[in-house]
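Quick heads-up: structures coming right below.
Both complexes below contain subunit A, partnered by subunit B and then by subunit C.
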Partner chain A sequence: MSAQLDTRAVPAVGSSAASARAAVHRTSLHRQRQWALWGSYAALAVFVVMFLMPPFYTLMTSLKSSAEISAQTGSPWLVKHPTLENFWYLITYPNFQTYYLNSVIITVLTVAVSMVISILAAFSLARMGFWGSNVLSTGVFLTYLIPPSLLFIPLFQIVGWMHLINSVWALVLLYPTLAVPFCTWIMIGYFSSIPRELDEAALIDGAGYLQILTKIFIPVAMPGIIAATIFAFTVAWGQFLYPLAYLYTSNQMVLTVGIISDLIRGDVFQWGKIMAACLLASLPPIVIYAFLMDYYVAGLTAGATKG
Partner chain B sequence: MADGTSVAVGAIETPSGRTARPGTMTRIARRKSTIAFLLCLPLMVLIVGFVIYPAFYALYLSMLNKKMTAFVGLGNFAFLLKRHTFQLVIFQSCLFAITAVILKALLGFIIAHLMHNIPGKNQRIWRGLLLVPWVIPLALSTLTWWWMFDPSYSAFNWILNQFGMDNVPWLGVGWIARACTITVNVWFGTPFFMIMYLAALKSVPEALYEAASIDGAGARQKLFFVTLPMMRNIIAITVLFSLIVTFADFDIVRILTAGGPQDMTHVFATYAFQIGIQSGDIPLGAADSLFMFPILAFAAFFVLRGVTQRTKDIAA
Partner chain C sequence: MAEVSCRRIVKEYDGGVQAVKGIDLDIADEEFVVLVGPSGCGKSTTLRMIAGLEEITGGEILIGGDVVNDVPPRDRDIAMVFQNYALYPHMSVFDNMAFGLKLRKFPKDEIKRRVDEAARILDIAPLLDRKPRALSGGQRQRVAMGRAIVRNPKVFLFDEPLSNLDAKLRVQMRTEIKKVHQTVKTTTVYVTHDQVEAMTLADRVVVMNAGHIEQVGTPQELYHNPATRFVAGFIGSPAMNFMPCRIVEAAGGGIAVHVNDQILLPVPEARAARYRPYMGKPMVFGMRPEHLFEYHEQGKPGWERVDLKVDVVEPMGMETMVHFFLGGDPICARVAPETECHPEQILPLTADMNNMHLMDGDTGKVV
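Our next item is the complex of A and B:
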């Protein structure tokens, strides 16, 4: 952006006096801009330090032995004798393996179910339409605005009727309600931006609607699908209230709740292990965002700036 | 364009016979809308079964007595309103949501501006670093905050001690604990505002700033007369949306304080969990949750209006 501005400021000026004045003006402007730039970097650096303080502390604590933590000497921000024993303990700890596996299974199923439901619905709402489809689009958006904490108590009863209390299947059933509305909303946006000529051409060539969906819409709207998938993943991986309310035995537990219920026993906080567990549990989202952040941000901001 | 193509389709179809056309067309139309309806069916089942039905069921539940044997009308709501703890919950929920949203919006706006200043090719890495709080699942990062607020050997108290100050009982004193919950929420939510505002900033046409410069506008005037009016809609949508999410927050308060000290940090969600799930008074918990509804509906109405407005603006 600023490179553009610089080149725009450069064009030569006519008379020598004017050009000298312009040159002075330009260098002072340039200097001003340079200062503004460094100021921005400095301020951003301050924010980065503030924002990354907790993750850094997580990492430091996870590398400490229990003895080092309970000794309570020296700076808690630094680790004196780094060790991987916390990580090793967790990796070989059967309960933690179960939580991890449960989280993975629930997340994969949630993402799959949510994406199928929302892609089909978005295709229908963006392109085909039927009586009341506009109302449904609005309804989908309003559903997205309903937070999980509003309905978890009636859902507790409903889950109870289905005999799914303390079962991972309760989460597989309920998580899509949190993911599908927004995924559908993103997909409607992406599908609507596909030129109508494409599907009309396909219709003339004798393609059915499902063929249009699988051969044209899904490949073209891939960035949107990636964004929606990440959203569904984020919801399913990080949800805390539903597992806390509906699950209670360790064989059905997921990571977000399992770490707290398992590694905190009464007054004994095994902080080294808790922090190592947090790190291991945050790993999948961090890896996914590191590679696919651009798609997600694009999907999210398009959903808001384009509506 | 689309009309042009459909005219062409008509032209191709004419030779096959004008009389057969209306029938085929209606059949196709009927088939099309039937397929469309079927494609939406899973979505509708999901929404009706797990959102709309539970919503009405919550209303019904909230009017029962604790054992769910008798109908008590609005008794639960009246009972809650008279309870001192619940008055604290209302106050803290509003304080928590409003303070946190204002701080997030301000910080997000400042950071988005700083990001907008630096060259585009460097933005990616800075954005990546600043988005970290938002990427880590909230329930997990709140655990770290809990540990940093630990009274005996806490990260913050150690820093204070280095400057010769006394330990602060971070989560042990009501107002400090309230400030702590807000801090964690701001830390978690600011990156979201940052990316929304950054996207909005990028969509303000450069020509407007140039025109403002030619008219002699300074940086502050550009901010108030170009940037803010252009971003008004997106700011409103983001703030209201965040208000909904923050107001209904559960994770932070539940993990950091579980509502304590003396119920001073309870918000609607955590209080509903405590009375509904932990104490087993499901109707009372349902009633507590429903108190959120008017505020959520109010915010949702304006979010929807903003988004529709925005869609129209972009379509126009």
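Our next item is the complex of A and C:
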């Protein structure tokens, strides 16, 4: 009987010691985790403040009248008498409407052209395995590494030879050269991550290569396509150097250059209108990013791990 | 439905590596043939060449009497089930099964009839609206089979379809595949590395090794009359025991096998004439674990007593596997579960010499 009691006692002591050790370990882990969390939050807070300060300043300035801006009294971060006059001015200003429309047309066409070329190129490079396809896909990426600022002078000659100087069509032609390499690279990575058995199953089911692309690859690779689309959109919407070099009349101008050339007259900076124009110009990217961010991250991750 | 013939087919990759070295194989209409062998033996490559997914370096493949070397996969009238299911992830089960029929412009009514019929055979009717990600492994494999069945092709090709399933589900799906074949009777070529799958499913098994065919035969033929040491070792679980031996003269004018220079086992009279020409040559003695069992006082002709020291005992419930060493070679015996044995014990066993195998030490061929 006593032997039984002894044997019961031993594991009880052992188990309480073990559970105490486990509790200490848990507490220490808990503390470490808490410190890591606080550290992360602090770093993120600095990051968020840094990145949100400029847009906040832009918003505040856009809501001020010219008189309030030039008065230079009170905090520049706060608005005393908020007004929408800058926004109303821009919305009813014909030049601004033209810039906006031109930017939208160029961007939509650039995205469409870039995506068609990129998807077809990526599918053939990733899946059709023709002679030299590996070298070619590396070459596609290398072209992305050439900075656009190096190209705009030689391209000026080509655009001039095509009689497209001061035409939005020059940008529709040129922007895909900036977007296609990277979009193709993203799509190659994404297409490569799709199991090869899917193509083979489709081939046996009776599909041709174009049907495999349209019925299998494009739906399956939609996150990658959205990521590439957002990239092409960003390239076309935010490009500054090329329109500055190739466009010079208001009827062909786009937002990025138009805002500066139209709202800065000599040494007069119309800060309220410039800031309001910047906010209005930022709206499409913000809306698109907000709706498609999840897909964008998924697409970039898949491309990165596979590529 | 159709017969499939491979005539001296060769597959050579860049760099001169030959995966398939000129194999000949005729598969009859409605036959279920399993290609089995270790990794890298060329079985999947052979299947993919039949499917048209790999180009053929040499030889001819005929389906239904027509040479299909240059015919693309979609025009070969075949259906294939892949190891990882290869279901289209963005389509429902119905659309996955209907995809091939839609591409071939079948009328909608006919598509629905065929999909419903396949779903009934495979018991997946309630799953038709689901996406593949909402299915278990077994259900996905059923859908993959359904996709093959609806096409009503000349030939079914299975590329290790059960390898991704757990052991229990694999056994269940094995039965399902056999049942489906009994129902639709389509000529089937099935690739696996699992010899149990091969034995249970096949009308005929093709054992492949290093790019060539070792032996073709029914499961029973391969099991009882293997042509080579490779086949003898590959088919059967646990594997056959192999030991070096020599054929020697025995008392009374007979012959005996001197196994590992340690034990002398008389050869039954019926086999003596066949083995006598190999007298003195280095040979290999083979015996399956089930032909090495607990000693019986009342033996039969050809049953010889062997005493061995037990190394490891593995009780399996309905039988017990006992492992020994003889001259450095491992030996496995299958004894009745009630046989008392423990490590280090000297256990008397019966070697059923009526089921012994003798292989040429140089060529590996069974004599």
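Here is the rule we use: the second predicted complex is superposed on the first by the 266 of 307 C-alpha atoms of A that agree within 3 Å, B and C clash if a C-alpha of one lies under 4 Å from a C-alpha of the other, contacts with A are read in each partner's own complex, and residues count from 1 in each chain.
Convention: a contact is a pair of C-beta atoms (placed from the backbone, for glycine too) under 8 Å apart; a residue touches a chain by one contact, two chains touch by 3 or more.
What you are looking at is a predicted structure, and each value in this text was computed from that prediction instead of being measured.
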item: Touched partner set for A:H81, first subunit B, second subunit C, both or neither; value: neither
item: Subunit B versus subunit C as contact partner of A:E197, first or second or both or neither; value: both
item: Dominant contact partner of subunit A by residue count, subunit C or subunit B; value: B
item: Which superposed partner A:Q211 touches (first subunit B, second subunit C, both, neither); value: second
item: Which of subunit B and subunit C A:I259 touches, first, second, both or neither; value: first
item: Which superposed partner A:L136 touches (first subunit B, second subunit C, both, neither); value: first
item: Interface residues of subunit A shared between complexes with subunit B and subunit C; value: 195, 197, 200-201, 204
item: Contact set on subunit C toward subunit A in their complex; value: 51-53, 72-74, 78-80, 82-84, 86-90, 99-100, 103-104, 147, 151
item: Contact footprint of subunit B on subunit A as seen in their complex; value: 1-4, 36-37, 40-41, 43-44, 47-48, 50-52, 54-55, 57-58, 61, 69, 72, 75-77, 116-118, 120-121, 123-125, 128-131, 133, 136, 138-143, 145-158, 173-174, 176-177, 180-181, 184, 195-197, 200-201, 204, 209, 234, 237-238, 240-241, 244-245, 255-257, 259-260, 269, 271, 274-275, 278, 281-282, 285-286, 289-290, 293-294, 297, 300-301, 304-307
item: Residues of subunit B touching subunit A in the complex; value: 1-2, 5-6, 9, 12, 32-37, 39-40, 42-44, 46-47, 50-51, 53-55, 57-58, 61, 107, 110-111, 114-120, 124, 126-133, 135-141, 143-145, 147-148, 150, 152-155, 158, 187, 190-191, 195-196, 199-200, 203, 206, 234, 237-238, 241, 244-245, 247-251, 254-255, 268-269, 272-273, 276-277, 282, 285-286, 289-290, 292-293, 296, 299-300, 303-304, 307-308, 310-311, 314
item: Touching residues on subunit A, where the partner in the complex is subunit C; value: 195, 197-198, 200-208, 211, 215-216, 219-220
